[in-house]
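Take a look at these structures.
The two complexes that follow have subunit A in common; it is paired with subunit B in the first and with subunit C in the second.
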Partner chain A sequence: MYAYRSISPLTNVPERILIVDDEDLIVLAMRKYFQGLGYEVDSAFELEEAQALLANYDYDLVIADLRLTGIGGVEGLQIVADVHQKCAHTRVILLSAFGTPEIERESYNRGADAFLHKPKAMMEIAKIARTLLEA
Partner chain B sequence: MTEHRALNAILEPGGITPMYQPIVAADGSLVAFECLSRGPRGTNFESAKVLFDYVRLKREETLVDRACIVAALATAPKGDGIRLAVNVHASTLGRDHDFTDFVCATADRNGIARERITIEIVEHAPPWDSIGFGTALDRLRGAGMRIALDDVGLGQSNFKMILDVRPDYLKIDKYFVEECDADRHRQAVIGALSTLASHFGAEIVAEGVERESVRDTLRDFGVQFMQGYLFSKPLTADAAAAFGRVDA
Partner chain C sequence: MAEHASRPALVHRAAFDAVVAVCPDPMWVVDAGGFLIAFNDAFEHWWREVSGTVPILGNAIEGRPPRVTELQRRALDGRSAMTDVRLIVSGIERTYAIHAQPAAEAGGAAFAARVSTREAPYVSETSIELALMHLFASDEPLAELAGRALEFLCATDGWDAGILWQLAGSSLRATAAWFGSDDTRDRLAEPMTDLRFPVGHGVPGRAWATREVVWISDILDETTLARGELAAAAGLHSVVAAPLIDSDRVSGVIEFFTRKVRPIDDRAKKTLVHTGKALARLLDRRRLLEQIERKGAEWMLTFDSIALPIMLVTPDGRFARLNSAARALTGASYGELVGRPVIDFGPGEPWKTLHDIVTAVADSGIGCTAQIATESSSWDVTASLLPARGGDEERVIIAMHETTEMIRLQESVRRGEQLAALGELVAGVAHEIRNPLFGLGASVELLEQQFAGNVTVSEMTEPMRTWLKRLQMLADNLLEYGKTWTVDLTPGNLRDVLKLALQTCGPRAHLAAVNIDRDFDASDVTLLMDGLRLVLVFENLIDNALQHSPRGGAVRIEASRDDSSIEIAVIDHGPGFVEADLPRIFEPFFTRRRGGTGLGLSIVQRIIDEHGGTVTAMNGDSGGAIVRVRLPIYQPAD
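Presenting the complex of A and B:
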């Protein structure tokens, strides 16, 4: 088992994660998993809800689905932009079941720290998250 | 698909929980309640800041302002002498041409005299229909209501807005109020706003009063009304009703 530490070495409080996905079950599963690892977890189902949370709270990590509004949506890219406009230290992982090489490249260009293709095992996402948070 | 699901939850009956924060005169007597709103329980929107940031991003201020007023007036504390301040976006006043009729009907339905109501204008960000905005202000005043300008000195709540609105009340944000007892620069701002208000025939409401020394400083500057945790945090409808009875 990967050794997790979810207490920020800088603030000595639990690291805070925002999970953004329009699928209830995915949000529920990710919340439970990351809370179980000791993170403080918020979640949002749509772009504007995520933006309102980002405007009011600081997050160590955002894990967002690329597509939040159906066919062709790339709201995750907007979330990456919003995160980096507000807080340079916040890491962003984008998830997508529809990622093309162009979208993946664009995500990194906008400042995403990782782009993961769905489906991806929760343990693997958590491992990448840990690596990013400790970088 | 979850698009608009959160908005629907906010707008459905019971989606908005009203809270009431007392506003007191300089002598400590209760003069009004500011009606505040919390979103659905167990969601991110229990935080008013998240709720209204979300609503503005969705550009649904008009719908949600109406929902908040319905919720606030339905359970507002009774008491003819106690005013009720409801928050309304400037954009709502500009866009919603039936807004005055709506407020009047909601007040009438709940047995609340229109003269008790203060329309507190928040988030004055353009763009908005300035002609519609002015007309709405005239109609609200014509119906007996008063107008307050929130967050004076911050953002878009500036001198132009004061000229455009000619408010009955200027609300000074907590940013200027807290620490004003020990900060002569904040005192200068409060003094200037107090003088400005007197030229307009308006009264000052200081928000975020949490310490006695701040209250005393505000009194020295002639601030007429105050609200903040020194007097009371926002209260549920039942607690606000009890607060009003005790104060009476």
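Presenting the complex of A and C:
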């Protein structure tokens, strides 16, 4: 379970993650899960909140849900764009329960590092996160 | 002359014999004992007609009428004699004057017969008409009948050839002929076929124009005759033509020829006028009859070629007539059906309702429509009343329009619409379920993470994971089933698809200790496909087969193809389908397997539908399940 290191081997400081999802219980579970793995975790429930955090802090990884508002929302794509504009080294994982092949392609075009379909086991997400951070 | 002078008696004898031979009157000589010692050709022919026997030299003439016997006795006694004998020759009764002359020294006597001119040789007009009617009562083709009528008329009135000219368009054309000798036939028959006589032209055309008998005693006197030379060459001299008049209309001409120069004979002319009328009536009636028969045949053919079952039923519910489609419906032959009650085929449908309809229509006199459905077919039925007419009883006419296919299509469209609506709903729900599932899964994993190493917790989270997995599978299947995808088929190889499916199923087969027999080389064909979805089809089918196979068993995948399609069969040796379930196994959520979503085969069917194929399920002869998928082979336009 604790096979992954959460302390950057270069800086020796904990790696910082931002989790964005409009479902507070999902945010809570993920937050605790990644904290449990040793990451420093921030979280946001909506686009503006996430954008504010991204403006002020430097994250190693952002895990964002594609849809943050009602039906048809694709706010996650905006987050991907913002992250890339601000900080090229930050990795982004998009999660979605409604993903279509078109949106998935669009996400990669905008610079997402992974596009995962919900439901996905936390263990697998953590594994992918680790791979991205070490790449 | 010197030569001849040495044998004058012989020369005279030869000349005499020649004269006797060509004499048209029958002549014969008997010796003192009454035995034939000489006769001419005319006698041979005549006697054959009179007695039905062939005269033979040295024999007494047999079967002779009593009066001939009496005559011969008197002649052999040395007296010349003459008697009138009524004889039937060529079917016609005639009176013959027979002369007998005793021979001087040797005994014996010579005889000559001649048609008596004292009594009218004419056959009565009524007898001719009766005889013609008798002829025409036969079923023989018209051309043959006409030929026989001409032969009869020639024989009756002593003509050597007869031709029937009938109106075709604006001219007369020969439609039948009779020739008394092969020679006449050879000379006249062929030129005749191409001859056409417009009104007023030639002897037939003149008879047509004047509406009267045209009688020419000697063709050689006539310079206007087109066939004059021809007829003369055939040795014909007299010609007569009589119009065929029926209801004041000339429908043709009969024309007769004879070798003799025959003077105009008013009595014969009068008979010809009458014969012309009788023949015209008979020919016309015969033509009408043939037309009716042809119309009848045409009608039967039309009736039978209609694909709708049509039946004529008597008011008391018995079959009177059925077209072939209706006969096919009954499964019986025409002979077995006519007169048989409709209800005999019951009590099932459509016979019961048909019987009721017939009764209702016959009772009310008003037509009606109805719908009849059996398990396999359905019809729109129209019934109407054909009122009694002439000598015919009234009939109920039933036309059945099969609507089975139409109803099936309607149902299929309705089912398609329902499925599309259902699919949308299902896919929507499936999507919405994914978020809660993700949240639940995350929470369970968090629990396991926080209480890592705690056996009690892991004992509780283990079943949670199992249920979660099941829910996730259901959501995935629902999504797959409900997906409204855009059909985007591209050419791909079916064998590659099967190999991909087996890559996924291989490990599972290994786990289940089931061997997979691969016999699908024939699947090396190109189809229009959505490759990933087709892989899913075969994964589903092979998975199903694996799940139902006993350990150590085998699942067989075989391919067979024809020109236009390929069939893949997935065969297992498990318990097979419950026979009663077979009609329902492709319905969504229909499953008897615990833990199954009941969507696997529904998804298979949807995807195969999208590929223009069919999927069928059955049990093998020796148990086990067989699912056959048939797909069209891609055939590029060029």
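The working rule: the second predicted complex is superposed on the first by the 133 of 135 C-alpha atoms of A that agree within 3 Å, B and C clash if a C-alpha of one lies under 4 Å from a C-alpha of the other, contacts with A are read in each partner's own complex, and residues count from 1 in each chain.
Everything below uses one rule, namely that a contact is a pair of C-beta atoms (placed from the backbone, for glycine too) under 8 Å apart; a residue touches a chain by one contact, two chains touch by 3 or more.
This one's a predicted model, so the numbers in the text were calculated from it and none came from an experiment.
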item: Fit or clash - subunit C, subunit B, common subunit A; value: fit
item: Touched partner set for A:70, first subunit B, second subunit C, both or neither; value: first
item: First (subunit B), second (subunit C), both or neither touched by A:118; value: second
item: First (subunit B), second (subunit C), both or neither touched by A:38; value: neither
item: Partner chain in contact with A:25 - subunit B first, subunit C second, else both or neither; value: second
item: Partner chain(s) touched by A:55 [first = subunit B, second = subunit C, both, neither]; value: first
item: Which partner reaches more residues of subunit A (counting touched residues only), subunit B or subunit C; value: C
item: Which of subunit B and subunit C A:46 touches, first, second, both or neither; value: first
item: Overlay on shared chain A, then closest C-alpha pair between subunit B and subunit C (Å); value: 13
item: Shared contact residues on subunit A - subunit B and subunit C; value: none
item: Complex interface listing, subunit A residues touching subunit B; value: 22, 24, 42, 44-46, 48-49, 51-53, 55-56, 68-70
item: In the complex with subunit A, residue positions of subunit B that touch it; value: 1-3, 5-6, 44, 47, 49-51, 53-54, 57-58
item: In the complex, subunit A residues that touch subunit C; value: 1, 23, 25-26, 29-30, 32-33, 36-37, 95, 97-98, 117-123
item: Contacting residues of subunit C [partner subunit A, same complex]; value: 431-432, 434-435, 437-439, 441-443, 445-446, 448-450, 452, 468, 472
